[in-house]
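Please find the structures below.
You will see two complexes here that share chain A, one where it goes with chain B and one where it goes with chain C.
Moving on, here comes the complex of A and B:
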């Protein structure tokens, strides 16, 4: 097929800007819907929150006082708008259990989680690229099959099993290399306690690499069957240049999208890993808060996770959009 | 000068794909390498640059350019020769260019590597020079475009530019114009000729299109089942083919000049492992002798070329005279389209003012280049594309019969590999259609009757599409349409993916169906096929009919300049001697 009207660079840029604008507007709308959902969900939790907090022995007066303090008697819409107004000005409220500001409670948790994710991705992305390219070039060989089998096996293990295996292997009497429990010392920056990050980080790296490398491998194999790959060889280009210049830009798109998804998922979805290693992340903070009906914490944590999810999706899409070649679904 | 000797390419188990290939091309000369699918022509084209597909290797042979042998070079030296000494022009540049890289980068990159690399300024000068020769802009903005932003003709010229920018001594052109419209094709061919002459390059032009080869090549090598069967000067080969396969192939090519009876080659190319005993063409040859099956003929030198046959012919090719129009039988109007339009009136319309009538037992050809609207029109007729104005329907249909008439009009797609479900046996594919249109009846007799009408044996019903040849698959697709007992068949480029010899036999089948009273709307860009089968012609350009009339009249006295342009761009085989 001959292509339709060729596009000029300027028109393409204009389209990209309007595409970004649309995505931003859609994300904002999603965010508003999420706040409503979060609010509705927390208010629909069964049981009387005041009773939960004060216990069965609480007097009617103290219960009523607490309800008034938490504005539980107000109409729902007023509670919602009050909460939103607070969020908009950066006031996330107070934890009803520990009586400290929610922001102060969650900030170190979020830092811990983000550090762990960023560090693990910094290891697993290059590793996945190298492994993906190496196995794709030897597709069907014994080495390729072994790595593939190993990666599927690791992915098939539940996270806590993998975590326990690592603990048993690397921090008990087999090889005692790292602390089994990764509870961070408060007040110290996470980056100064790197030894505590090794085990949970390794667990994450294993999970990420095994998934990411398979995407890279499939994309590289796909490119290596393409006409343009063969043509690059017929042109007389050396193998390394072909891989770097002709294969990499086309093979990396699915990996970039997957990195974004992994990042977003990990922020809220690492609860199991955090629990196995007693790592004080935001996921475990959320689970604890749900257990104790600490509603302001639950709401804030879910909102933070949702915002990170949206931002990372937006960034990934924009990135994938900009590296996808025109005529291949790039400009819509 | 390129000299190929004794080149053989084999599968991992040693089964040969091409055997004992010998080609010599002088500087400035163009040799056409002709063959049908499976003949091994693309394998040869790539093997000349030392490359093969996965699971395939070069077993023996020498490829020398100006006396320097390439295949025995170290991998690094062979790589340096590729692109610099011997260069390759791809079949479909749309696929062969990397979508993620700018075209400038893809043209220049070969110049900047290797032992005799150029400095950037010199390389850029060279790129600009080549682009100007090829009639393309060479400014920064153009070089910064990526393949997705260019048209098909521009892409093909970029592919050519990549090949010639390093001034190679040998140019391998692998069907470089097959994906193009005829008007663009002419330009690209002219450029190829200018470039090879100005560079003094020896070029090998690989193609299945005999008309094209007759226009570009000085000499022709014909390939059949992995072997050279004949080599001769273009003049001699097209006038007086010596090998029975060459003769049969030339006779199977439809002509635009006159309407000829359809003549195919029966049978099909033997499988790779069945080629070693005797002459590979023996099973399809009309002049076969017992000797042909016992031993394999050698490629024997003759006065005017080389031929691999024990009983070569020395007679010129003879063609019967024009058949003329046929007028017997009832040819009432079956289907009518009145003033049809599609697309919004504000924008340039996809289709506008289309009126046509299909007659019983007649074939109406819809011709035009890509983008002319021929596919859109056929999609309108089967309801895949909404129409915004006008009427269409069977002449005898009640008002608003709509899709209830879908049984009476059946659609056959260009590519049978795509239109047949690969996971379903062909028998099930056909009987599914039978059960859909005639629920509650036993589909078997209908399926077998449809199969008989397209000359397929019932043994084929239990096979999957992947186990059939291209021609068989297209017949199955036709049978699936016939099982609905249609009155009109919509054929969308249904022969363009087929080899000439197979195309002829499919056309014969269609011709017989027309004699049984079926009407055809035949969408195609191949005017030779139109000449062979069509009774009426409709020429489309930019969604409008520019010319319409009886085939003989349109071919003899085309009125619209666009029709004349289309006819002028046909590359026709040299005329044979009248029989």
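Moving on, here comes the complex of A and C:
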């Protein structure tokens, strides 16, 4: 196929497949590099896993025995390959601190994190779209300015301040509506404990909406000042049709990319929210494991977060790639 | 016009949506409120723990959640009273021979286990051997290392005889330690059977555990039907849980929050005059602290009142460079209180040739006050021309060099003789000062061998005077341990060594 040849449907698909292939290969390479980096970094941390397990009372003999048992004296490359071999067969190893399988420890954590993120996005995405459209169409009005000011103010608050404000307002001091602490009861599905998700969820929704809606608003305003929008109006097309046909497709792209970024970032990055509400997510599991030098858990948690990050980026890019209107550099 | 209409609809929908969200939220809130009122007989605690949690009273890392769990599931031969004196629990009597090398322990009869059996001598022997198991070193094992596991014999179903290699006087007292709880034979940590006031229902490490009242408890039924222990690592979160009515008792209350909590309606503060000291330890075996003049100079630098006020927010007591806030049943040791004297400190440093000394002080964000006291001391040292560089380390990094730091902060809480065994004589795993004082060691051996309480008190007094005179610790103060609880509860007492959290059978709803 030469560049001058007209693009057939097949060629476009072929291009997309090779694009996807390249992206997959790059992601895999990134993943391998991440595992190596994490492995090296955990080994560079000051402190000793054996000492953290046995505590201040440990004798030199018991420390040496435990180190040998944990293969801490083996060369780094051997420890790494042993771990990778396990990961390849789906075995993430044992948590040295809890003495349970890493997978058993992290699965409920991951479920908790994903439930919270998905639920919060389910609320904030439609809300951001509605708010973005509504304010863009009234750009410069008092209402628009108020919402904009409020969103910037909320976004400027550190997460823990926002979290604490919500706790004070809705849980401990003003109204006693929701549990202040979101530690989930084990053995019960997350969805049966929705009351505990309200405050951390609300905190995330506020942070997400205030950011997302501004993207939508900016994109809508951008479209509304474009020539094709004015042309469509002059043609006398109904407002709803213009919105659906012209504004939405253009305004949704930055929002989709942002949603993907928020999702990917939140998996490991909502540690602060998890801490404020004592919510048992994967981010706080990771920070705890770093503190106790539970290296198998650290490695597995970072790996999981990285995989989710890469997958979500890939999906977002593919999605954005396919919905970008031709006029903005997308395919026909 | 149409445009405006549409916009109105959108806005209206939005408002409606918001109202619906808030309304359903309020309903959920109401329903949890109602659930709260119904399960009034479940005592809910917020305690700090970790993923290392277990139900094993012996092979534990000693985090609070573990301790709270096993002290309520299992009994010891003895336990601490609110002061440091000791009461018998499973043991009825301890009888030594002439030189305190053979101890005969008689058990209380009629004690039932959670499985319905009778608790007896075989269970005690099993527990002691388990604690001393060389293949699984335990915290309790280092406390009763003087016992030879092979020389623990059953005399009859309720009588055990311990034959010791060397005399041990405070034999009865040692059994009050929380790490020496009694389990039943063939103990399985996954389905723990003990004799305690509560029995096991469920347990998820690092999250939550549930116990229920043991109706056949030999000292009378506990005051509540169930106990729920929730792990909450963040101090603020546990206070919020208490404020919001999600828990009834919260263990970890930072000093900075205490005054605010004290003023809050519905919440009470439990201000335990604990024996916990936060010593600044100086290594007596290397320069510059191998010179006693430098150590005394550093002790004179400390403005102890200021340190208690700044590092402990006033929730504590000034120390006098001697361990043991209370050494009950012994009386106080009569030594003049050491006070700040910068001039004297400067003079001592000059005599030692260490004027303008510069040292690093290692500390860790462990228990409240450990970082603050180091910072306050560093500030005070400037007046004496001493530069103290405070090195705040992460726990793992601090522990990696534990016992090696020349100058550091630690925390210790125990009764006097066990504390000396662990931290003030050679071989003690907490002997950070590397102190090895012949006279002190001899006195300690003598006190350990004596089963005569009055004589023991006299020796302890001498030991503390030596600490004050030439020891390696700046014991500037003792920190209170603060807990908070809902005013719907009664029966909570303050403890010096133990905690109301270890005696939940005494707690009930008003």
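As a convention for this text, the second predicted complex is superposed on the first by the 320 of 332 C-alpha atoms of A that agree within 3 Å, B and C clash if a C-alpha of one lies under 4 Å from a C-alpha of the other, contacts with A are read in each partner's own complex, and residues count from 1 in each chain.
The criterion applied here is as follows: a residue touches a chain if its C-beta (ideal position, glycine included) is under 8 Å from a C-beta of that chain, and two chains touch if they have at least 3 such contacts.
Bear in mind that the values here come from a model prediction, so they are computed numbers and not experimental data.
K.L.:
Looking at A:179, would you say it contacts chain B, chain C, both, or neither? Reply first, second, both or neither.
P.N.:
Second partner only.
K.L.:
Now for A:141: first (chain B), second (chain C), both, or neither, which partner does it touch?
P.N.:
Neither: A:141 stays clear of chain B and chain C.
K.L.:
Which holds for A:325: it touches chain B only (first), chain C only (second), both, or neither?
P.N.:
In the superposition, A:325 contacts chain B only.
K.L.:
Could you look at A:228 and tell me whether it touches chain B, chain C, both or neither (first, second, both, neither)?
P.N.:
In the superposition, A:228 contacts chain B only.
K.L.:
Determine, for the superposed model, which of the two partners chain B and chain C contacts more residues of chain A.
P.N.:
Of the two chains, more chain A residues are contacted by C.
K.L.:
Contact-wise, after the overlay, does A:81 reach chain B, chain C, both or neither (first, second, both, neither)?
P.N.:
neither
K.L.:
For A:292, using the defined touch cut-off, is the partner it touches chain B, chain C, both, or neither? Pick first, second, both or neither.
P.N.:
The second partner, chain C, only.
K.L.:
Pick one for A:107: touches chain B only (first), chain C only (second), both, or neither.
P.N.:
A:107 contacts neither chain B nor chain C.
K.L.:
Under the contact rule defined above, give the chain A residues that sit at the interface with chain B and also at the interface with chain C.
P.N.:
The overlap between the chain B and chain C interfaces on chain A is empty, containing no residue.
K.L.:
Okay, in this complex, where on chain A does chain B touch?
P.N.:
For this pair, the touching residues of chain A are 1-3, 6-7, 9, 12, 226-228, 230-238, 241, 245-246, 249-250, 323, 325-328, 330.
K.L.:
If we count contacts the way the header does, which residues on chain B are in touch with chain A in the complex?
P.N.:
Touch list, chain B to chain A: 46, 49, 51, 76, 79-84, 87-88, 90, 92, 94-101, 105, 109-110, 113-114, 141, 144-155, 162, 180-181, 184, 370-371.
K.L.:
Of all residues in chain A, which touch chain C in the complex?
P.N.:
Those in contact with chain C are residues 45-48, 51-59, 62, 95, 97-98, 100, 105, 123, 130-131, 133-134, 137-138, 164, 167, 171-173, 175-181, 183-187, 194-195, 198, 239-240, 275-278, 280, 285, 288-289, 291-294, 297.
K.L.:
Residue numbers of chain C touching chain A in their complex, please.
P.N.:
2-3, 6-7, 10-11, 13-14, 21, 25-26, 28-29, 31-33, 46, 50-53, 61-62, 137, 139, 142, 202, 204-208, 230-234, 236-238, 240-241, 243-247, 394-397, 399-400, 402, 429-430
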